[in-house]
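What follows is a single structure, and I will ask about it in a moment.
By written order: A, B, C and D. Residues from 1 in each chain.
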């Protein structure tokens, strides 16, 4: 019996752990990718943790330096650039690996490398030419093998038994040959690495993507402030207007109450995207276009309904008698509201405000249409990300920067979220 | 929580606004953050210093730009001064009377000649509305890993479509999965990728009912196993190429250029492959134009003059993706640097190639694109059967989009 | 009788701002959208062509079917999982609060982040396969091509991705409802011989009805209007759904803005009908009338 | 201290439902009035109309000769103790009491003095710094009381203030409230549904039913001279036994008779019945007025005991007549037990007769 209970409990916690994993894994990877360099982010398999150091290999090839970086995924060095210009190399390596190679370190390594190279010059050249021959041999064998394989498929389809065995023999022969070449090549490369290259490690700037994201996102800071402005205005508008209606819902009976209650749903029924254009015209005529206020006026349309529901449920939780007591003891109806009901509703209202805040914080689709020179933060992030299609790590950094405030706010109001939704009814 | 609000309010109220004579430039070109950074710092800054003004350089997609300016016109409050739009959208700009006819001003500039090839897109009824900038063609991009499967007789810089197809098939056979990338998501660039082949085979692109087009689709059909299995979801060839999910592609020079420049030791860049009719590629260009009704016309004109100066053109095009400067004089300013690879290859295609442009004869180009997307999905990916009769039926859909 | 002290007007004063606001910022644009959906883009004459274009479009039927499938499966799935989660969190156990905190995170993520997360995840060389590889579940050659499935499979994938983000929202509403239930009535269920399942089905759920209604109706309305996540992962027209088509007509094609408006009207009509049917069937109207 | 007058006070909800109808009441200075009645009888509505919390449909509320019917609550100079106490949870006890005073623009010193004074009066001096959430129900009740006292109102309104307390505390508070009233002499309107509360505290009780006043009177009045069947039935525990009886003249004597009971009336009753010209009548007999006797001849009925409920000081005996349970209260001794056959007679001095149709009490008895 006891064992049974233990088993049940373990099972229960396993389920809980499973749920947490399912929720967190994608977010975890988004964060990990945002901390990875361009080189790491596109390697397969994606590493479970971002690296904190980059290991470089420097070689001389022709008159130029060839620099490679160690890829933990491939477990080998991957060449990244060949150049004779240090500034170019430094800039490239920084963008590619998020490591800044200092001139002094590079010079020391170059000196070492030159010594090594001068000492083994002939050997290196010989090895390199051997590698080249081997590579072309390998190429020939590979191509032949693959061609034979596709012939084999055709033969098998046609059922030509005699050909099949013939081809198979050939493939076997080629593959053996290929294996030898590969082994030799590996050996040669290893020798070449020993006598012709220097290796060194440089720490990686783990937050480089974030720094870079804010660098390349024009006007990120003003946009951020503007976003806060828009969100606060949205909160203000939706909370005053929606809060008033919410109070009416909680305290009074009036005609059309049910209809208005459902209007929250009606507002959601017409696709918001399609009214964005008429909205632009309205806002321009009112002089609010491309202004934070204009944007918050639009956001509030969606938020007011929710605020009504939520505030109504909050106000319903506050006894009318408290208000009546205040009225008896000397306040006006309004005074009773401000001195008694409002302070009591404040935590719930704050939560509802945060809700509206988050809602307007991450909205992109309408903001793109409704702003021009004064975009909100999500819009600049979006614009950067559209351009950064081939830079998933930068995209991830942008996404995380955008998500972070919203997530933090959500966690702050977590305590109140349930209270907010407590009395909400369709 | 109260305190938090107060702090935020103070922060917001600290927001200062600066008032300066400013030129607003909206561009669909140079959207990648790195490119935008380069243009702002290396190209626009000198201009600002030269004329003591401020330039707001915004990047956005063509549709948003058009929508914004349309609304500005409708409400009579023009705030955008200069736009950089793509060729396919130019007719819309002209039709809606949103841009200024630049012919009288441009004719006075003697130090530059815009590439004739793009006149069909930028000049309407003999009036030049757009100054071409950032032209594009298609280029081949190969990951060096594919080299091991390269048939011996193939010269990458003189590749034919047949060779590329064979090579791609060998890679697929050897690796067990297709490694060739095209953009399989609708309304993206598939029509140009197939167009490059079709033009190489002498097709009258984008029509489907001619031998060249059939030959092109036949080639695509032969490559049906060479496409990456996830090709249907590529809206851009950059991520799969960088991820090494695919090893080969023929794509827009800017995209290809970006991937190439992300690791020049890993990739090989080459002109688009050849066919019996030559090196086919669809070409396009973006264009600078001045928005009608701008209050800063003089400054805007100065900006256009500056941006299209051959040396500035080369500088801006070299510093960014892989677009081609569409002024004849630009070639003089190109060096022999390895970094010029992309532009050089692109110019090679532009000079030698069988080029075609998107003619302004379509009601809606997106619908034409969709036809290609559908053929690719249905015939190549799903059924694996090339049906020439069906091509003729699809031609009817294309014809329906003709004005 | 000098002054009439009446407060009957107070509620109307309180709701007036909301109504005015809705009229100015919602009804006006909606009416103009509906109005223009009946007019030709070029020469502004009355026409039904915008609607005819849609009904003739073969993607329209597909969009309706796909949307229906999406709504039915995703709402059912999300509801069941959300209910399960809510029941789990509602149990007082160590870490229930942590679980709630974590469960709320997806709700707060902006679309941009979600798009980046999943498109980098479900790419064949993305992190999902990497994770499976690290866990030893697949080999380097055995990568699962998530995005290459048939249209139906793709739709299912979208449903899963969407569920990941939407479940917390439903869970919060249900959990709030659950916490508001009186413990005694549920305990009474056990006392009088109910098993866990019967108590859940016969007592807890019926008592939770209005929370369930709220969660479902909000979810159904937004599920009919799903599009962004689909476009972010599959692009336009691979899995046509209603709103994706609206956006497609509006943003991707030139000169189809009014068709897009007409499409919106159709979507709005569909959403309203579904909502009304739902509210009727679930009995929300009757409750209102009491 | 003030007088209060309600003239034809009515409250209508919607089109037909009356919360209170034609309530007329005159309250003298310093009087302790209890509004008593079952739930939904309109007593709270009436109280709220006096307070100004409920809109008056018709009629007038007059305080100290001044018509306040349409005055805001705060201008009526009344104070109130609510059923749920309505102690503001976001203020300390001190602030709760001081808040109304601040609103009256009193000086801080004055406020402090007053707060201390009332706190002492209700014995919560040591709780002043606490928040309501840290108080027990009884303590909160005292806070509400202190708050109401502090403002020195013209009229003191109490809406079932004791109903949320446990039984023992309720009885204790009763005494305290009464004492405080005695000390302050404030005109008080007290709403309750508990008749023992009403009886023990009220100077006068107003009994209401369905929005109307049934009877106004001192506790003794309403108990001994209940105006109608409802009041007679409502007041008193166990409730009055009612019998529908026929008036029959036999051998020159008048009998009230039904299937089980036969009462030979005395002169006083006979006199009262003279003006009554209907055949049937309702007879109300309080349980303590039914007496158990050994004398068979005196008995009005004879029946087996159904149940005996000992109460310590007395015992309640139930017998079943047909399907009507009749209750009898007798002293603690002698003890009776179930199934015992008893003879029951009555104290005719305390018999109550009601008109069969109007249910009103016959005059003169």
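Just so it is clear, contacts are C-beta pairs under 8 Å (C-beta built on N, C-alpha and C of every residue); 3 or more make two chains touch, one makes a residue touch a chain.
Owing to the predicted nature of the structure, the values given are computational and were not obtained by experimental measurement.
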Checklist entry - Listed by label, which chains are in contact with chain C and with chain D? => result A
Checklist entry - Where the centre of all protein Cα atoms falls, which chain's Cα centre is nearest to that point? => result C
Checklist outcome for this item: Maximum distance between Cα centroids and chain A occurs for chain D
Checklist entry - Rounded to the nearest whole Å, what is the centre-to-centre distance of chain A and chain C, using the mean of the C-alpha atoms as each centre? => result 23
Next on the checklist: Using Cα averages as centroids, what's the distance between chain A and chain D in whole Å?
Outcome noted: 71
Next on the checklist: As a quick test, compute the distance in whole Å between the mean CA positions of chain B and chain C.
Outcome noted: 37
Checklist entry - How far is the middle of chain A from the middle of chain B, if each middle is the mean of its Cα atoms, in Å? => result 26
Next on the checklist: At least two partner chains per residue is the criterion; list those residues in chain B.
Outcome noted: 239, 243-245
Checklist entry - Which residue numbers or ranges of chain D touch two or more of the other chains? => result 52, 72
Next on the checklist: Counting only residues that touch at least two other chains, what does the list for chain A look like?
Outcome noted: 44, 277, 333, 392
Next on the checklist: Please output the residues of chain C touching chain A within their complex, sorted ascending.
Outcome noted: 7, 10-12, 14-15, 17-19, 21-22, 24-26, 28-30, 32-33, 85, 88, 93, 95, 99-113, 116-118, 120-121, 125-127, 129-131, 133-134, 140, 164, 172-173, 175-177, 179-180, 210-211, 213-214, 217-218, 221-222, 225, 228, 243, 246-247, 250, 257, 260-261, 263-264, 267-268, 271-272, 275, 279, 284, 288
Checklist outcome for this item: Contacts from chain B onto chain C in the complex sit at residues 63, 89, 92, 176, 185-188, 228-233, 235, 239-240, 243-245, 363-367, 370, 373
Checklist entry - Inside the complex, what are the residues of chain D that reach chain A? => result 51-53, 72-74, 78-80, 82-84, 86, 88-90, 99-100, 103-104, 147, 151, 157
Checklist outcome for this item: In the complex, chain A touches chain C at residues 12, 15-16, 19-20, 22-27, 29-30, 32-33, 44-48, 240-242, 244-245, 247-248, 251-254, 258, 260-263, 265-271, 273-275, 277-279, 282, 297-298, 300-301, 304, 308, 333, 358, 361-362, 364-365, 378, 381-382, 385, 392, 395-396, 398-400, 402-403, 406-407, 409-411, 414, 417-426
Checklist outcome for this item: Counting only contacts in the complex, chain B reaches chain A at residues 1, 5, 8-9, 11-12, 14-15, 24, 31-37, 40, 56-61, 64, 67-68, 71, 74-75, 77, 79-80, 147-152, 169-170, 173-174, 236, 238-239, 242-245, 255, 258-259, 262-266, 338
